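Each chain carries a letter (A, B, C and D) given by its place in the written order, and its residues are counted from 1.
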Amino acid sequence: MTQKDYARPIRLGMVGGGKGAFIGEVHRFAARLDGHHQLVAGALASTPEKSQASGAALGLAPDRIYDDFEQMAAQEADRPDGIEAVAIVTPNHMHFAPAKLFLEKGIHVICDKPLTSNLEDAKLLNDTAQKSNALFVLTHNYTAYPMIRQARDMVANGELGRIRLVQSEYLQDWLTEEADNKQASWRTDPKRSGAGGSIGDIGTHAFNLSCFVSGLEVEHLAADLQSFVPGRQVDDNAHIMLRFSDGARGTLWCSQVAPGNENGLRLRIYGEKGGLEWAQEDPNYLWYAPFSEPPRKITRNGPGAGEAAGRVSRIPPGHPEGYLEGFANIYSEAAAAIRAAQSGTKLDPAVHFPTVQDGLKGVQFIDACIRSSQNNSSWVDLA
Amino acid sequence: MTQKDYARPIRLGMVGGGKGAFIGEVHRFAARLDGHHQLVAGALASTPEKSQASGAALGLAPDRIYDDFEQMAAQEADRPDGIEAVAIVTPNHMHFAPAKLFLEKGIHVICDKPLTSNLEDAKLLNDTAQKSNALFVLTHNYTAYPMIRQARDMVANGELGRIRLVQSEYLQDWLTEEADNKQASWRTDPKRSGAGGSIGDIGTHAFNLSCFVSGLEVEHLAADLQSFVPGRQVDDNAHIMLRFSDGARGTLWCSQVAPGNENGLRLRIYGEKGGLEWAQEDPNYLWYAPFSEPPRKITRNGPGAGEAAGRVSRIPPGHPEGYLEGFANIYSEAAAAIRAAQSGTKLDPAVHFPTVQDGLKGVQFIDACIRSSQNNSSWVDLA
Amino acid sequence: MTQKDYARPIRLGMVGGGKGAFIGEVHRFAARLDGHHQLVAGALASTPEKSQASGAALGLAPDRIYDDFEQMAAQEADRPDGIEAVAIVTPNHMHFAPAKLFLEKGIHVICDKPLTSNLEDAKLLNDTAQKSNALFVLTHNYTAYPMIRQARDMVANGELGRIRLVQSEYLQDWLTEEADNKQASWRTDPKRSGAGGSIGDIGTHAFNLSCFVSGLEVEHLAADLQSFVPGRQVDDNAHIMLRFSDGARGTLWCSQVAPGNENGLRLRIYGEKGGLEWAQEDPNYLWYAPFSEPPRKITRNGPGAGEAAGRVSRIPPGHPEGYLEGFANIYSEAAAAIRAAQSGTKLDPAVHFPTVQDGLKGVQFIDACIRSSQNNSSWVDLA
Amino acid sequence: MTQKDYARPIRLGMVGGGKGAFIGEVHRFAARLDGHHQLVAGALASTPEKSQASGAALGLAPDRIYDDFEQMAAQEADRPDGIEAVAIVTPNHMHFAPAKLFLEKGIHVICDKPLTSNLEDAKLLNDTAQKSNALFVLTHNYTAYPMIRQARDMVANGELGRIRLVQSEYLQDWLTEEADNKQASWRTDPKRSGAGGSIGDIGTHAFNLSCFVSGLEVEHLAADLQSFVPGRQVDDNAHIMLRFSDGARGTLWCSQVAPGNENGLRLRIYGEKGGLEWAQEDPNYLWYAPFSEPPRKITRNGPGAGEAAGRVSRIPPGHPEGYLEGFANIYSEAAAAIRAAQSGTKLDPAVHFPTVQDGLKGVQFIDACIRSSQNNSSWVDLA
């Protein structure tokens, strides 16, 4: 169980996440579930009025509902009871500025993915984070599902032997037709989402997960991006061939135009000695097939699941944990790291969270996909 | 979405749920997730020392960590900022006394199931609750899974036609062998769990769910109870035939000795026009088979799912919600009811939570199973 | 692989199975698949004209298409190249007379289930078969699925420990409404199907399979039969509690009014050391859960599957075999037994086929279900 | 139902398929199941002795067991009761010579895939077939699964709208380690299998199926082939990006080194209006997701399945048909075509079977994959 010490929750602010937002609310659920964070301040929306209304609905004190993130950073940094961490849950193009500012103020940052909307910003933010004493946590939330931790652990322990294949896919259907809701609007607008469409929104998750579980780096890729819906300015489907370090190969397929798929993030890894399969929509199970033995269904907290999964699980097997629990694990890992940093104690090496470097790699992945696709799917380096 | 108004969380106390407890921690996750409750007081364990240690770990103020529930009831009832509701998460035989006392103090009660460890207590508690101004909420948490709400709604709307069959099962394997952990210990001790073993611990859930979704009452049952593990004093497996109101029939099978099953709660309902199937271990989906049409997979918040499911869902389809989210729905429904009661406003008729009467029926179910089984599985009335 | 010696197929006749019949055609597929039988004669329908037309379509020689089974028995018994075996595929009430006659003529009988339409006939036929030199093979085809053989073998080898629970169900939906096709007509007519409806048509399969795999006998049962469709004269749903030899318990649920179920025959067996699950609609897999280990998926001919399954499999794992292959296994087992009988050699002890005694037990099961249900679900003996 | 007229089976010969062969036995099961063919002659093995032994075990007349295919072609062509069709089931490099010879003799050819072991042979054989009066049937057996016919029909009827994505995979694990059995030996030997390993053995199936169901042609592909097992001379895994006619895109992944996969052939097709998913290991079901409606499970012969599936089905839904039934459908389609050719009648337009042109395309696919992979995965034309 991740939760250890509830004695004093971490004081949290939020940038973005006003009424009608999706991911902001997810971050709040995640922050609340384990009790390690308490939301106390926010610059929640694009106008002072909307921000006030959203903050009031969340029970924030009126004087800690801010017009914009600059105001929040300035005032909270001066308060003795100011926020210790900030969650940044704005559209992609608005991650960079607040992240940079809060890092510079020494306030820990928990930021949604992808890191930024372009590679230049990503590099700058990485530089800023390296120089800052504050932590930077990127919410590649799928890395915190217990059975993903289990899978990573099994790979690291050599249970699959040398890895040959890393196959991921992330399939959705919500952009099958032209959509005009708030979510679709900014995610298909290159000004706000960046040059990547599906590759940024969901492809980066699959990319990050492939590397996280396999322990390998993508060295080269060849991509074929498509925009199937007429008038769409970003990709809504992508086929990507991958060459990993250490000779492994793989593919990544992401799509937002595959009817019948809701959030079909699936990972399959095969090594010389065995295979693993996991699906986000059924996340409490990990299929493990040692070569020439019957496949086994490993359940979260059940027989065969180890400590790497157990420490981020809350309840017995057969009682499903889901997306919010996985997301909450990131927040609880962040809390553990923040507390260690504050107290100057050594962080438990079992604690994992995606970093700014992971975020930079994600933006490099987006950039590489676009470069390759524009060059007739030729192999390109990731760096 | 259930969460509406976070402006002031309800002040919550807890009886039971100290270190090492399972269900107490579940209640705390559930109370935190949506932000409608804040745990501020507790009589958490069987000794003052354990209670203090548990309360401190939870960040409770020292003066609100009590030696026992009587002390908590007395002192909290006198505080201007005293608890508004109490969660009772003790073993079965210790539900009755605190529940009765808090109801008498006018403090709302959220109590784990089964209601009590014997029928006499259940009837008394029902009487007490009827006379109290305080609400009584029983955490038959499975009723709050979104797709269970969806199923109930579809049955009520006549989409299955007249119901013929209601089949439920709840299968576990953790008591396959003699176990000596804390959970197993009290759950197989008739002094603490009551006369029912598997029928009380998990059978009541299946029973409650069968009635909740079908909208029918069980009128008669015939039961064959078994204790397979040598020396076990309560049933660890039960086969029960059911006769419902309105001519429907069904069976209920609960087991704690079925290897390979973790929490296999499954409900299948068939009517003149169609069938529904749902499984707790895969709770985001409801299978709907209109007779002579292809079966359809209805997903939480997806196409085909209606408002009854949507109002207790938090996130988009394909991102699984699980056990804690379902349990949290009970707490959020309770919060809505408590706030309506406090403000004297009319409660939204969409709000559902299991009541003390549901609890009484559950204890009657346990009692009837034992009577029937002792009488060679003859049909018995439930009342 | 079952097929060993194709040098000379067994000469086969058929009673019933004319145009429009379902099960007769299944028997023919089954007889052809492995090449051990050749259909050469038939009394296929209720009139000489229909029989001739059906036989011609099957390529039978005109002089071996008979008006009725008596004529076929008389003439074929006299031919030097007469049939060596006969398949009886008529409605239930017409199994007895031809089966008895062919047995008396020394011609091997392969008969569809249930054995007869009443208990008296079943006993007489059993007596006849015991006295005959000819073999009697009952096509409880599900016993010949490879993974059922695997399951039986694992139980017999003690891999589950002492058996505690044997749970079976066979669910269909095709009689949800009043039906007027040929199949529904005779199967719901007690004059032709016998007193049992769903219990005879499908319940006997579940009953037979429960005993076959567990190696146990049903000693007592308590049944609650229903006829949900108005005007139906036989049961279309049944709930049955079972007490097996050696202290095992179980239930059997069969239904023909469960929308969304096609041929949902499912068997679950639990012992002190582990559990097994199998489903007819997905027959190439057997789930094996050793207690306190991860469940394993054993595939036909795959790792973990043994010789008991392998000898009745034809192709590699991952290439599904189905219903006809299972049915064909009965025919190939019958061919092996017939050839051993003809040559006076010892039959391979691995060969299994359901016998007339199994058929008698099935009719006793039907009889016991009706007796119990008429006596308010009291426990009755099977004999 | 495919079986119509059993009056006289087609006389069939076989080249290859002696003892120990896999696919030859599959062809014999397929030829027997529906009764449209009778095996009467064979050149079954590489030596006269082995051929005689294999033929005798199959019950062939001694004078129709031949030393080699040339002898068989010569003698059978001269017999008044000579074979009407020949099944060629040798390793890939031995398809060309017998196929060419029998076509030239006017004997219908049923040939295993891939068509030949090199492109030159494929083109020559195509030319020969075009000039011959005899039919050429390639056993891309997966095209004959009922739900594949259903899928093709739905695509052709526009139920998915314009097709955007065609994704296929065929995953096995049997070559994860160096294997030394007969099957592995020739399939990994470029002299016998041709230059393609996994792409020829299983990739061609996925390729053929993608085109068959979508009704589209692959115009360009970019491939990354791997040989993971040290010393292996052919690919054992391949990642292929596809550009289809009419703007559709797709990927094809085939692998023989993916532990836990037996015959994981899976097809997913998405169009503007909906999606379809099908898996060979669970072939009786087709998942159909109309955009913005709940996904539907269409079952073979069940509600929602049409005549295209029904005419190649034998038994009711819920009774699984499998690999041999699908393979037998090719033989029955071939029989229908042969009989139409023999009688000069018009062939039912519903009859489908893969042709020599399909075979040529498959060999072009292999060739293109190798060319692309050797050229650093550049896009290449298929022709």
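In the analysis below, a residue touches a chain if its C-beta (ideal position, glycine included) is under 8 Å from a C-beta of that chain, and two chains touch if they have at least 3 such contacts.
Given the structure is predicted, the values throughout are model-derived calculations rather than measurements.
Of the two chain pairs examined here, B-D and A-D, it is A-D that is joined by more C-beta pairs in contact. With centres computed as the average of Cα coordinates, no chain lies farther from chain A than C. If each chain is reduced to the centroid of its CA atoms, chain C and chain D end up 34 Å from each other. Annotation: 43 Å between the Cα-based centres of chain A and chain D.
Remark: chain B and chain D have CA centroids separated by 55 Å (rounded to whole angstrom).
Within chain B, contacts with two or more other chains are made by residues 261, 288, 295, 299, 302. Taken chain by chain, the contacts link every pair, so each chain touches all the others.
Note for the complex: chain A touches chain D at residues 164-165, 167, 173, 176-177, 222, 224, 226, 228, 237, 239, 241, 243, 249-251, 253, 255, 257-261, 268, 270-275, 277, 287-291, 295, 376-379.
Looking at the complex, you find that chain C touches chain D at residues 5-9, 22, 25-26, 28-29, 32-35, 56-59, 172, 261-264, 280-284, 299, 302, 314-325.
Those residues of chain A whose C-beta lies close enough to touch chain C in the complex are 288, 292-299, 302-304.
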